[in-house]
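Consider the two complexes below, in which subunit A is the common component and subunit B and subunit C are the respective partners.
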Partner chain A sequence: MKERKVVDPEYLLKEAPREKKFLIGNEAVAEAVKRANVDIGVSYPITPQSEAMHLVGDIYAEGYLKDYYRAEHELGAMAAVAGAAMGGARTFTATSGPGTLRAFEMFPCWAGARLPIVCAFMCRGVNSPLTIQPDNIEIGWLMDTGMLIFHAENPQEFFDMLLQAYVIAEQPDVHIPVGVCADGFFVTHTREIVEVTPEDEMLPPYDPSKSPCPTMDMETPPIRQIRDPFVMKSNYISYNAHASWQQEVRAAAERSRKHIAKYLGSSIEVTNPDAEILLMASGTAAAQARVAVERAQKDGIDAGLVKVKVIRPFPDKEIRELTENPKAILVPEHNIVGWLAREVMSRTDYTKVCGGPRVFGGMTMPPEVILSEIKNLARVI
Partner chain B sequence: MRFDIRMSGLGGQGMVTAANILGSAAVKDGKHSIVIPFFGAEKRLAPTESYVRISSEEVYEKGEVTYPNVIMVFHEEVITKGKCYTMPFYEGLQQDGLLIINDSDEISLSERNTQSLKERNARIFYVPASQIALDVAGTELATNMAMLGALVGATDIVTFDSLEKAIAERFGERKFVASATTAALDDVLKRKYARAQELVEKNMEAVRVAAKSIKDS
Partner chain C sequence: MHFPIILFLTKNWLESHMASAICSQKDYKVVPGPEAYLSPAAASMGIVLPEKGQGLIEGQIVSEKVAMEAIAKKLLGAKNPTFFPGPNVLWAVSEKAVAKAVALQEMVKAVPGMKIIPMPDYRPKYPMINPEVEINPNHPNLTIWHNEIDVCVFAGVHCHYANLALKIIRGGTDCYTIALCANPGHEDAMISLRDVHVEDIRRLTKVIERLREGSK
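== the complex of A and B ==
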């Protein structure tokens, strides 16, 4: 194994010196994994994720991980990290679009088993017709798996959020998985400046004794997991146990809020919150929206931006407060269903919320498209 | 000054490599840059594009450059056979934009296209980049470097110093993450030169010759 120094998580995330590198998003992922003191990485290739887990394989060869292998398919990869996490290992894996769907059964299982797995989702369009292009519809499906969901805007945020995810996921009162999402290609294949912490400093190792569920070992063999499965008993107690267990997973997500505040700073980033027209966006749509808002302001339109970084647990209170005053709310998104608009609408006077513009199927969203919607709104409010 | 650059060409001509080197050089000059390739199932000789945004201010936009102020055409078939992702090839070009085309002779454009480019007040430079690459660097694989030279000649977008460092970094010892086809071309290129330093020098020569040809024109 590579000789490295264990450092305090708060120091690593907030104070450690940073070196500027010119990286693509997938390289930033491998850099984060390097510093996260991950025990095992399990890969299965799919564009646009493949490069990231390939690079994790490279750093395994350099001695940054204890184990690494390529699974038989995505469901196998996700099941393998579940097994490793149950055995007390810190794990990493990543997938995209159709891979996410193929593995989907495991995500509620991770949450239900209270496994602090961190998985990167490089969002891609979903078939059919076949596409490999950026589109983040899968986040809309991941939202209700019980996992925490972060959405990165750029390679820098992807790097930071992956490290933050481990620290938050492994808190004893949280201990559920985190999906760190980024729009495929727009983040994974985009090269820009990423400031990274020193290569020889890493997070403290995962301490499985802090897990709310017993770690599997010879004393607690896997059979214990299925010794008394609820499904084998059709009685009130077994139903109730399952129901309260699901509630407990959601409660764990709620309890993550204070840790998110501590390590991410906030679930949202706000520019000009008192604006008449407020944009709400996440991921790369927030990047495009920021440029559109700046240009709208230059044209004398009172516009502002709320970037939503954390999708689960959704920043309910903040969004309720921020949506009270603006006359109109615009939600640009990189998917056809408008999952963010849906979230915002359910927390405010929905008649003020204008879902769109939406770009899906792989095209880019030029700021000009958002700007023209802002101008349309400015004319009618 | 803000540059939004689109590089159009045929797979294997090095648009993506040129974009990475240009962005890297800009960052070395202390500027902000975002580099992104067009993401499809690109292959040799298929239409391929890459995009570079460079500014002294922070750059946020992601994705393809829809409204470039610089378009670099690496192969005449981008124009003559429509081998690009936009039709016509200058679609989205901003007013007073710049066109750099790899060809020794002017390509005859339709009346409509000529008129449209005139209305945009586009500056058009022809540079025999492939010829320069062959004559100076001894391989057509240096076409992309000659194209970067032409760009520097027309705009002074990056310094020669940073460009040289970026080329050395890209083809030097440091491992670069590239697709299998790009890695194969890297190997071909590296085999043409005895040492990595020679590769850098020859490519820089192609850059300077192309830059001079633009400055002199």
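== the complex of A and C ==
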């Protein structure tokens, strides 16, 4: 193994010196995994993620991980990291679009088994005819798996959020998986300046003795908690245990809020919160919305932006408060279903919320498209 | 022939069985039940875990000292106090586990009439649990009902399973629950301490002994 120094998570995330590198998002992922002291990475290729797990394989060869292999398919990859995490290992994997769907059964299983797995989702379209292009509809499907969901805007956030994800996921009161999502190609294949922490400093190793469930160890009791599931019986007691189990997973997500505040700073970033027209966006839509808001302000329109970084647990209180005063709320998104608009609508006076503009299937969202919607709204409010 | 099924729901039935739906987060208190057909997880009702040096009493943050006094009073005032040790103190996996188990035994001895019913593992017990000799996190209410336990203490149970048990007990019984947690504590218990290790258990035992002697 590569000789490296274990450092305090708060130091690594907030104080460690940073070196500027010119990286694409997928390279930033490998740089984060290097510093996360990951025990095992399991890969299965799918565009636009393939390169990230390929690079994780390269750093395994350099001695940054203890183990790495290519699974037989996405479900196999996700099941493998589940097994490793149950055995007390820190794990990493990544997938995209159709790969996410092929592996989907494992995500609620990870959450249900209280496994602090970190998975990167490089979002791409899911469609027939086939598309490999950017589209984040899969975040809408992942939202109710019980996982925590972060949405990175750029390679820098992708790097930071992956490291933050490990620290938050492994808190004993949280201990559920984190999906760190980024829009495919716009983030994974875009080269930007990324400020990274020193290569020879890494997070402390995962401590499975703090896990809220026993680590699977065939020589140390208790074992077999998965071997005898309550599904074997059909009665009130079994159902009640299942229901309570699911409630506890959601409770764990609630408990993550204070750790998110500590390590991410906040679930949202706000520019001009008192604006008449407030835009709410996540991922690369937030980047485009920021440009549109700046142009609108130059044109004399009172516009502001709320960038949502954490999709689960959703920042309910913050969104409720921020949506009280604006006359209109615009939610630009890179998907056809408008999952962020749905989230915002369910937490405020929905008549104020204009879901859109939306692009998908690989289409870009020029700021002009958003600006045009802002101007339309400014005329009618 | 099909007959329409008519459900007659009284106001009382609704209030007692739909607590999670009708109780606002602001009003929520973690108190003995039976609370509801399916009671909510306290964390989802806005109850937050204590910070270091603090404890929880019925959902309210208090100092660790106040929580310890409240635990001692509850145990000494109970008709049938019972300790539920979990796998972390039942199995001698480390010297730390053994030391903690010894300290917990001393605590039990300090409470007149306190029984021990173990939670040796987490497997649901089918076809039937023997509630006189063990408790299980998936159906802890059976052991509480059978033994008519009015106050119980959890220690050495992995946090996920402790929360399952504590919530199910609150949902279906009137038992007062206390959790001595080695990690950040349990919102689903009526009283919870966090970061409880050997020295903390000994301090709690001393509080119990002081109050017991004072009441003579």
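Keep in mind that, in the parts below, the second predicted complex is superposed on the first by the 374 of 381 C-alpha atoms of A that agree within 3 Å, B and C clash if a C-alpha of one lies under 4 Å from a C-alpha of the other, contacts with A are read in each partner's own complex, and residues count from 1 in each chain.
Throughout what follows, contacts are C-beta pairs under 8 Å (C-beta built on N, C-alpha and C of every residue); 3 or more make two chains touch, one makes a residue touch a chain.
Bear in mind that the values here come from a model prediction, so they are computed numbers and not experimental data.
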item: Fit or clash - subunit C, subunit B, common subunit A; value: fit
item: Subunit B versus subunit C as contact partner of A:Glu27, first or second or both or neither; value: first
item: Subunit B versus subunit C as contact partner of A:Ile132, first or second or both or neither; value: first
item: First, second, both or neither for A:Ala241, with subunit B first and subunit C second; value: second
item: Centroid geometry (CA): angle subunit B/subunit A/subunit C, rounded to a multiple of 10 degrees; value: 170
item: Subunit B versus subunit C as contact partner of A:Arg255, first or second or both or neither; value: second
item: Touched partner set for A:Val187, first subunit B, second subunit C, both or neither; value: first
item: Partner chain(s) touched by A:Asp173 [first = subunit B, second = subunit C, both, neither]; value: second
item: Subunit B and subunit C, minimum CA distance [Å, superposed model]; value: 37
item: Residues on subunit A engaged by subunit C in the complex (per definition of touch); value: 114, 171-173, 175, 210-214, 220-225, 227-230, 232-233, 237-238, 240-241, 243-245, 247-248, 250-252, 254-255, 258
item: Subunit A-touching residues of subunit B, taken from the complex the two chains share; value: 20, 23-24, 27, 32-37, 39-41, 59-64, 66-67, 177
item: Residue numbers on subunit A that touch subunit B, as the complex places them; value: 20, 22, 24, 26-27, 48, 51, 55, 132-134, 154, 183, 185-187, 189-193, 284, 287-288, 290-291, 362-368
item: List of subunit C residues in touch with subunit A within their complex; value: 38, 40-44, 48-49, 87, 91, 93, 120-124, 126, 138-139, 142, 158-161, 163-164, 167-168, 171, 183-185, 187
